[in-house]
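The same subunit A turns up in both complexes below, where it pairs with subunit B and then with subunit C.
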Partner chain A sequence: MGFDSMSEKYISRSTAIAARMLGGELMVMSSTDSTFFTLNEVATAIWQAADGRTPLSEIVSRVVCEEFEVEPSVAHSDAEQFVAELSQHGILMVSDHPNTDPSVQEPA
Partner chain B sequence: MSLMQEMNQRALELGVPLSLHLDVTYRCNERCIHCYLDHDDHGELTTEEIKGVLEQAAEAGTFFLTLSGGEVFMRRDFFEILGHARRLMFNVRIKTNGVMIGKEEARRMRELGVEHVQISVYSHRPEVHDRITKLPGSLKRTIEAIRFIKSQGLKVTVANVLMRGNSEDHAGVQALAKELGASYTLDPTITPKIDGDDSIVALRIPGSELHSVFRTEALVGNVEEFCALPPPVGEDVMEAYPCSAGHTAIYVSPYGDVTPCVQFPLPSGNVRREKLMDIWRYSPELNEVRSIHARDLPVCSTCSHVGTCTRCPGLAYMEGSMRGPSTADCEKSFQRTGIASANMLRKERIQSTGPLVQIQAWRPSESSGQEIPRVAAQLL
Partner chain C sequence: MITEHQVAIDIGGVPILLRTENAEFRELLAARYTGFVGRSCHPSFTLDVELVPPTPEMASDEDVQVGFSNGQWQLRRGDFQAQWDPLAKTGWVRQTPNPYSIDSVLRILHSLVLAKEGGFLLHAAGAIRNGSAFLFSGVSGAGKTTIASLAPSDVMLLTDEISYIRKTGEDYMACGTPFAGELARVGENCSARIKTVYLLAQGPQNKIQPVPVSEAARCLLRNILFFAEDRDLVELVFRSACEFVEKVPVRRLTFMPDEGVWDLIR
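What follows is the complex of A and B.
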């Protein structure tokens, strides 16, 4: 899956997960398959911006490239990998359309 | 070191209570013969008080939350508590006997994102299980509950406490767990009652049966490895902490009492009087627990098992000292390896040398003239 195909995607956090900050990293566990991840600062920023309404491309440009001063090509590639990995475990949900539900989960 | 161990280490360094065990009630619909609880309600935390504790724990960084009892479903507000816990993004594990879980309860647990459910099963035979729980029909209802929960795709562990009366049934329970698609865990530990009454300790299986359990591959995996002689004790072992209780884990009772662990009833504060994190940080009792390294244990630090023993500081506390040995764990180490613990050898020495103060009567006819009785005091 290339970045072009992901750039029009909308990511949101699953409700079937547990999450908590510990020492600057976010711990995330899927309650479906019990996989456990820790997210570094950049990954946490993407996670927190995953509101289901903002396109992934915008999250990468606005949150990752600007706040962490990362080259766009690197940021896009890493974000794509991150989203693919977490969506495989049902931790992030990926959609072609923005979520219009106003009750979308607030950041952990 | 696994990722989870790394997080535990980080929590330890940062002083974060990574795990909270919250008993929401001690009330129960079963009356298990080995249970350590008093099932009367002495003023449980209200729904709002429990929500407040959960909010404080979330803010403190707690990730793992075990909701247990008593029987958690005896609380009518249990789903409200559970829903609040999940909104706070805890990883939630529930311990239950399953008797009150039907299709609807199982569905709601799945919807709320419960990660794991542990259910007690004492035997695959109804007559044995129901005799232990003192609730007729309980095994049937518990098995039905497991099926409902599994049908929702949740993970279930069957917890099998072994005691006199069901010690021959572990293979049957293990087979039942497999048939139900559940994991299986065995626990041969019977703990004294929470009020200090240790009469139920008599239900512990005898050493010979423990020996046999520890040599059952289906229960322990590689028997040779499990029963291996203790390795030489290094300095790292002497610097180690006994377990997570009070270090990265904490317990709150249905009455708000805070202790290091459910099995370590050292009163350390109450959430009705103080904030959970104030207790966690400043309780002299918790800080004392944290100050104890293996090298500080007067008997256990001299024991060859010190690096591999499952010594529970809570059981040691209930035996008289949190720095002392836990007899049940000495027995386990002995039955596992055949090597007596330092505590066992010490007790043997005491028994062979007799009582601390000995008095012997002297009879004039047995000797040649001395007429004063002799008193011998022997310090061990």
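What follows is the complex of A and C.
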């Protein structure tokens, strides 16, 4: 699963979740099915940048590759996997177009 | 419905008045909740218990369902139906004449009451020693009953199964409960500030190890009794568990088991 510029993704945080930083880790729980996740540093950075407007590829390049010094191919692959898992539980919302709603969430 | 027989069950300082038309059932409740029978003049809320003959449907293994609609909590399992209006502070239970259904209803109602106040019910044995409460949490088979049964004489047992945790200001108090596990013994009706929560594990020696706060929250959330499929309450319980582990030390207690394990509990 790699980065495909032809199918850009835009991710946003669900409102049906509860999240809290604990001991340097971000704990996220779905309030619809009570699924519980602990996000590592990289996943937390993606989560916090998920504003629904910034393409996932840009988030990965700007946040993950630069801040964590990860190889782009690895970073994109991991990010795709992370987004797929969290979106399955309704914790992240994925769209193929940016959210133009003026009330769109700001980065966390 | 004639409800001339009543008994107030006071758990965690929340007295619930149970009213029934069946004198024998009232006596059964009073005996089962010995030590937790309180004064019935100022209950937190009142439940009318209607006893009905068993039907094939009531013997089913249907899982408990708890939901909130039209200002009422609706509780349902194979063996009972119940409704509770938190504003009117009244409700009813329809069940067969057995002590287990009402016991489940009480657990659910207390979990709902506690959730609004930053507390929760936890799968944990609990005990008071030297004025402080210690909780021993784990899933079934982790050793809750075992550690409770090994307690020396200076330890006051709060429960061997379900711990009642209330938030009082900045402190967390553990209250005794009549919700018994395999010991089949109700706890003492008293409370104390929680000093430590131990996550139970059985091993070749008795030892205590630190637990990262995020893992503590994960383990706690797994062991919190929570029934309602309600988004707001899920968030409340999540927040309560996170706040709890930030204030109360959580450790892993590995034990053999033998009585020596209590030498570590101070």
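The rule is short, and it goes like this: the second predicted complex is superposed on the first by the 100 of 108 C-alpha atoms of A that agree within 3 Å, B and C clash if a C-alpha of one lies under 4 Å from a C-alpha of the other, contacts with A are read in each partner's own complex, and residues count from 1 in each chain.
Heads up, the rule we're going with is that a contact is a pair of C-beta atoms (placed from the backbone, for glycine too) under 8 Å apart; a residue touches a chain by one contact, two chains touch by 3 or more.
Just so we're clear, the structure is a prediction, and the values are computed from it rather than from any experiment.
Shared-chain residue A:Val42: touches no atom of subunit B or subunit C.
In the superposition on chain A, A:Gly23 makes contact with both subunit B and subunit C.
Considering which of subunit B and subunit C touches more of subunit A, the answer is B.
Residue overlap on subunit A between its contacts with subunit B in one complex and with subunit C in the other: 16, 18, 20, 22-23, 27, 29, 31-32, 34, 36, 38.
Touching subunit A in their complex are the following residues of subunit B: 3-4, 6-7, 10-11, 13-14, 16, 18, 58, 61-63, 86, 89-92, 113-116, 153, 155. Across the complex, subunit A meets subunit B through its residues 15-23, 27, 29, 31-32, 34, 36-38, 108.
Within the complex formed with subunit A, the residues of subunit C that make contact are 212-214, 217-218, 221, 226, 231-232, 234-235, 238-239, 242, 245-246. Within the complex, the subunit A residues that touch subunit C are 16, 18, 20, 22-25, 27, 29, 31-32, 34, 36, 38.
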